[in-house]
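Take a look at the structure set out below.
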Amino acid sequence: MSDKKFPEFANPMARPKYVGIPTFFRAPWKEDMQDVDIGIIGVPFDGGVTNRPGSRHGPREVRNQSTLVRMINQATGVAPFETCRVADIGDAWVPAPFELTASHNAIQDTFEQVVKNNIVPIAVGGDHSVSLPIFRALAKNGPIGMVHIDAHCDTGDDYMGSKFHHGAPFSRAVEEGLLDPKRTIQIGIRGTVNDRNLWKFSHDSGMRVMYMEEFYKLGVDKALAEARRVVGDGPVYISFDIDSLDPAFAPGTGTPEVGGLTSLEAQLLIRGCGQMDIVGADMVEVAPSFDPSGSTAMVGANILFELLCVTSEAFARRQ
Amino acid sequence: MSDKKFPEFANPMARPKYVGIPTFFRAPWKEDMQDVDIGIIGVPFDGGVTNRPGSRHGPREVRNQSTLVRMINQATGVAPFETCRVADIGDAWVPAPFELTASHNAIQDTFEQVVKNNIVPIAVGGDHSVSLPIFRALAKNGPIGMVHIDAHCDTGDDYMGSKFHHGAPFSRAVEEGLLDPKRTIQIGIRGTVNDRNLWKFSHDSGMRVMYMEEFYKLGVDKALAEARRVVGDGPVYISFDIDSLDPAFAPGTGTPEVGGLTSLEAQLLIRGCGQMDIVGADMVEVAPSFDPSGSTAMVGANILFELLCVTSEAFARRQ
Amino acid sequence: MSDKKFPEFANPMARPKYVGIPTFFRAPWKEDMQDVDIGIIGVPFDGGVTNRPGSRHGPREVRNQSTLVRMINQATGVAPFETCRVADIGDAWVPAPFELTASHNAIQDTFEQVVKNNIVPIAVGGDHSVSLPIFRALAKNGPIGMVHIDAHCDTGDDYMGSKFHHGAPFSRAVEEGLLDPKRTIQIGIRGTVNDRNLWKFSHDSGMRVMYMEEFYKLGVDKALAEARRVVGDGPVYISFDIDSLDPAFAPGTGTPEVGGLTSLEAQLLIRGCGQMDIVGADMVEVAPSFDPSGSTAMVGANILFELLCVTSEAFARRQ
Amino acid sequence: MSDKKFPEFANPMARPKYVGIPTFFRAPWKEDMQDVDIGIIGVPFDGGVTNRPGSRHGPREVRNQSTLVRMINQATGVAPFETCRVADIGDAWVPAPFELTASHNAIQDTFEQVVKNNIVPIAVGGDHSVSLPIFRALAKNGPIGMVHIDAHCDTGDDYMGSKFHHGAPFSRAVEEGLLDPKRTIQIGIRGTVNDRNLWKFSHDSGMRVMYMEEFYKLGVDKALAEARRVVGDGPVYISFDIDSLDPAFAPGTGTPEVGGLTSLEAQLLIRGCGQMDIVGADMVEVAPSFDPSGSTAMVGANILFELLCVTSEAFARRQ
Amino acid sequence: MSDKKFPEFANPMARPKYVGIPTFFRAPWKEDMQDVDIGIIGVPFDGGVTNRPGSRHGPREVRNQSTLVRMINQATGVAPFETCRVADIGDAWVPAPFELTASHNAIQDTFEQVVKNNIVPIAVGGDHSVSLPIFRALAKNGPIGMVHIDAHCDTGDDYMGSKFHHGAPFSRAVEEGLLDPKRTIQIGIRGTVNDRNLWKFSHDSGMRVMYMEEFYKLGVDKALAEARRVVGDGPVYISFDIDSLDPAFAPGTGTPEVGGLTSLEAQLLIRGCGQMDIVGADMVEVAPSFDPSGSTAMVGANILFELLCVTSEAFARRQ
Amino acid sequence: MSDKKFPEFANPMARPKYVGIPTFFRAPWKEDMQDVDIGIIGVPFDGGVTNRPGSRHGPREVRNQSTLVRMINQATGVAPFETCRVADIGDAWVPAPFELTASHNAIQDTFEQVVKNNIVPIAVGGDHSVSLPIFRALAKNGPIGMVHIDAHCDTGDDYMGSKFHHGAPFSRAVEEGLLDPKRTIQIGIRGTVNDRNLWKFSHDSGMRVMYMEEFYKLGVDKALAEARRVVGDGPVYISFDIDSLDPAFAPGTGTPEVGGLTSLEAQLLIRGCGQMDIVGADMVEVAPSFDPSGSTAMVGANILFELLCVTSEAFARRQ
């Protein structure tokens, strides 16, 4: 690792896991965003939720639990801290969180700084509405493909007086020309709905929607083959909603849906994206108050590490 | 939906999930049982448990969590509130709960009212002993078949001085001519026993017992094929004990047994019963005090919705 | 009790506490607001919190726990359901919760309906910002006095880009001529501050601020004597923030402050207001996700009952 | 200590607290009841509760937590294991728990064995209904006085079809000539009631009822003086219901009532009974499932130790 | 069962599960180790952990939860208490736990007593470092093979100044000639590492390492075939680390790793070892303070029962 | 505040509490110990506990909860960050934690660095054994007086093979000439003991032991007068063990004792030390795994702030 300012970050093996301040994976803390290749960044905002709030506390608890994660991916051999300058670049926080639209603008501002510094961002939510301002900063040069692992398509319409809530970021992203629906796959979709046409936007725009039942039949390998086919060789964003997991694995979230993925399936899915040209990622909707045990944030931290690994692979290939 | 008295039931999209009083699925509250096709009914009684009590609080907590469920089954397209008049018809409560036999009689009285009103009942326990008085009310015209998803056959003998405890309702139901053992399948059976012949009654009477190990090998589709073969075209009751699920998915129950079903497997099993002639159902043994997180009741509410969907399909076919 | 529509509300002794749907104190559910003297009303809104959200789920959980409360106040002999027509009049819910100002307007609309129906409101929050729209509806005829039991004066200034957050309702209420600061006492104030002049508004406007340390020295009786002196004979509102209690008694709240009141002290304080001319009340800031045990909501329900008792005494005197 | 059979009980200082099997205070396990002066005995029965069951698991969890307690009362200097032969004499368990009256008879049988062996019993509930069969065994020679610390007088009438539930043992005990109401004091009584005359029996029969509010004003010392005056020099039973404590101190119980005693007040109250002629005692209503932290059982174990100390003082005086 | 001293152990069916003191499976308590074939023994020591301590409380909580387990394995028909004299032989506790090496010596002393009494030990940890002193006592006559189910190979090197911590017992055991690496299989290995060569010892010494990903692809049956091939006909030890399970199934452990086994897979794996010549076993790393629900200990107790069953099969064959 | 490197620490009012990394009170992170007056320092070590470990995780969780604390003490007006350069100077961590004596030496080394940099240390445990190495570094110039708030005197003798465990630091400190027993007061002592002479060392050496019962009678003001009399004008250390609080207020600790202080009493006690010449302080024994709610750490953080305030007062007077 290049940054030696914080001794405990120089060599995580030198200190027990319970020592020091919890940055993401005990990586260097660099709010100035200088000399960073991949920046892990919190987005402590939950103003877009429609039922159970609390994911504003997600980044801190994921940071906490991430201190249990080590430096190398045993399954794939990837060692992101060896190949890239990875840093915790702080939080994209919102000074005036009481108005949804203004909050999204503030988040976008931070991510534009990230992009200007040539940093590949991996965001930790916060609710899923934050993916929209991230896309706005990230997709300035044309629409990006997406692997989207979630219980919900999040391509809904207006709800509770807003079109920017956490159930709709990706319809907005397509409308704004930021997301390429033809190169988008959504995996793990399930649950009850109040509108037969709730995810009409996904289907109409050409997204590949893989419902949980189909995933269960196909298995991980075939699902991954389909994902690779859909996203192709262009730039890809991975958006991972922790509610894609079954509530037994991740109860601490705002909109749990029973009948979901296991942690292992989620890990295998992300690892299988290692050859994609990943340009950004997020892991969202960890709401710690609904899981005092910390298990959800621990799973989230491990998923985050998988995202970091495949992102670092893509970054290394691009050099 | 036909009943407009309670505005929030007219259109669930109009109100956030955390608003109002929690009837089952925010359906109309109709203790008078008038103009109802399918009646969801609580049975807050746990006087039949042999170890950990608490399922008397099951109906209220399942009502609570059921407000997270929406109106349409995304996986099957079934919309029970569109095709049937579904109501929360209150609780089959017991005025004098200290004596087991008298309590069962009181529960039976309520279900006889349900039957007299031509309502198809879906009961929410309470402990599993309540299935017996339900059968007594429901099977007046001859024995019914059953799909029984559970960790235990519940066809035991006398225990702790009673033959009516929660481990024995179905031996009693067969003896009383209410349940047809030849048209009964029991799925998910497992756990340790104190008596090699504990479930002798199931085997001797001709029930099809599918132990967990067999289910694990067969998978959902083949298990369903076997279930359909066993129950055939006659009337069927579905009895779902939440302890059929692995404790990781449903810790809040009185007799947890490790090594059980996942929530997804349970959902798929019930959905696969959609073509059966379902005349009643129950979802029992949610004991909220053993799961303060509410997860067990949330899973229970989702299972209840699956039961409602297949019951509504059968109801619609019978019209 | 006058309303017989819901049988279980006719005589709460007739049914066990775990039976039926949980309205406040199992009182009649009357969203139409007809024939009601005192209306208990939920305000499931937490868009004004500055740190830990979740009090939008307060009303439902307080309703749940309120089913443990019985009909008569043993300590004072007051029986509110005998002397007044008490009802659960539903929720003042917000259709578009993403914008703070618009949300307050929606809440005000509901309370104007309450006032128009000559109902004395007792509100259950929700965050403390909701007291402002309640005052706007209630104090049309001139400023009201207040007994305010809280860890915070809630007379702050702009914060996080808004002047209407949950730390400022009462400065706004004074500015708008709704609250008479000279007839206001604030009890239990404590905790750290970021600004020496945080509660300057309280002091400058003439409110009587009784910090926790003073309360500890005076004791309940002398504190009550002071409260009676301050509010005098005019109309009074009681605002009870659950964070006035020590976190040992009420951990489930958004801004806990150690070193607070005991539950018994809080009960005695409210009982001591029985001779005041109470015209409205609220109990706010129960955030259930921070207390899975339900204890905070249970305390909240008991405090709510004390508020109901003294409000019913005042109501009876005014007839 | 006289019994050396179990090495770890010979000298508790020799082994860490987390070693071995948890008998009460790691005292010898003597189901045969031989050579025992004071017998601590579990009564795992909760068939008499009217709302939240679970105290059948109280004895085991209190045993568990009691391993944290040491041998000598630092505040009073009493060392019960030095002056008496104290043993864990097992459980008064019920073979057929589904019928309340028969269960009470079975419990009485066990306590008659205890009395026949000249053992002074200290019982651990179980629900409060079990005090009645204990009195039946203990008071063969005439009525006994009582110090009763509880949130409820438990002198109620028929409820839910039974006169023997956990809200009525002491009216039955008086009626059967087992308890002397004139020598009975009840401390800590509070909470809401559904009947103004709920505790009429206490008042009419001449019991001294000290409501929580009076206790709060008097303080521990004056309350104790009154207790001593009431019970006098005759034989006394101490019945301690864990719900006498405020739920902040003891949430794990079936009928919590806010505004109760602190643990310290409870300890001081029992210590102050050291000069009474105590002939038996119980500590009841610990329901562990409502407090997964174990705190309630830990407080219960410490209260149990205080009961053991004062009982051993009385025993030693009688030799 | 041969021992009749404790009545409740004579016939577990005679008493409800919540009665009496919790020895392992309510088996006889025999600290004297006489007349015992298989001895279940606690090892309450966690001085070897590198992050989260607490497994010293594992044995007691596993004892507690083991009272829910019954006498016969329904899946295999094995009834260990019928074919062997099974006892709870107490704890291998450490008088001076502050020094790691000395502690291991103390544990070894106890297990040498076990071996001298011709008892087959099944140990309940405690942290995984305790397997080393067990091997030292057990493998006096030459190295033993092993089925090792765990998230970690535990064949690490020096860490935190010690070579005897809970991540290294099996490299030490091989070095000391106690464990035959060629007859050792390690199943379920996964998680991140700080050193690419962390488990180099396993690979270099010839152990068969089955990573989680390989297990996922092979399935239980093929994994078992491989295990049988590796261990062959010689003596075998089974070491089960509860962290082999996914944290959704067993959160209460010191080093959780997401993406693990289900409880059912673990049960099937152990049952599949029924034909091996098992000479000892352990189940370690249950740390109850990280799972207040007791679920982890409950799973641990069931795994322990599976270990008991296959060990009793091997024992019977050797007679 | 002097350090501007971390923007969020420059002015805590500028950012919401849930933003950024949790140093103590969001103070600057200065592991280099330069330009610091008062250094808050974690001591994540629990190798000296005799029963329930886990306080090694105390510093991190206290840091987390300390972000809820603000900059100014409302009750006393003290603003430590205005008058002193306060920093989080990291952790005194132990590279080889498996041996108690060596660990204490490592901790002492760090504190000698602290002293060499003229920093007044406020330590956050860790178990109470860590006070000994702190004293060794701090009292080089002669014995210091102490205000010790705790449930235990911690002046015990050898236990479990060691004289340096967490029940004995202060006998060792007196023996080594670091602590002046004549200028030491111990407040809140209580609980059961296994040895009548357990705290003989305190009494014999001349410490003023104020048992809980005496404190309860005296009240805060008289207790403080006595504390001031005992410690006089010389240098004073304040050692606060979180188990001095009643478990209702602080359940998350290793050796809870019922019947303790309230949080308010503890706050008042420390505030009353504002005129003493404080040269160091600690707050120890927060064991987060025993309180998943975080309440204990939250109380600990507030106590820590009180310690910081009185220490800053003393520091300012000495300039």
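As written, the chain order gives the labels A, B, C, D, E and F, with residue 1 at the start of each chain.
By our rule, a residue touches a chain if its C-beta (ideal position, glycine included) is under 8 Å from a C-beta of that chain, and two chains touch if they have at least 3 such contacts.
Keep in mind that what you see is a predicted model, and the values were worked out from it rather than measured.
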Shared chain contacts [chain B and chain E, defined touch]: A, D
Pair from A-E, B-C or A-F with over half of its contact pairs in common with B-E: A-E
Interface numbering overlap (same over half, different under half) for chain A and chain E: different
Pair joined by more contacting C-beta pairs (B-D or D-F): D-F
Inter-centroid spacing, chain D versus chain A (mean Cα positions, whole Å): 55
Geometric centre distance via CA averages, chain E-chain D, whole Å: 40
Set of chain D residues in contact with two or more other chains: 16, 18, 56-57, 97, 160, 246, 248, 290, 292-293
Touch relationships between chains, expressed as pairs: A-B, A-C, A-E, A-F, B-C, B-D, B-E, C-D, C-F, D-E, D-F, E-F
Touching residues (chain side chain C, partner chain B) in the complex: 6-7, 15-16, 18-23, 29, 31, 42, 44, 56-57, 59-60, 63-64, 88, 90-91, 93, 95, 97, 292-294
Residues of chain C touching chain A in the complex: 46-48, 52-54, 56-57, 95-100, 102, 160-162, 164-165, 289-290, 292
List of chain C residues in touch with chain D within their complex: 12-13, 16-18, 68-75, 77, 79, 246, 248-249, 262-264, 267-268, 293, 295, 298-299, 302, 305
Residues of chain F touching chain D in the complex: 50-52, 160, 189-196, 198, 211-213, 216, 246-248, 251, 256, 258-260, 290-291
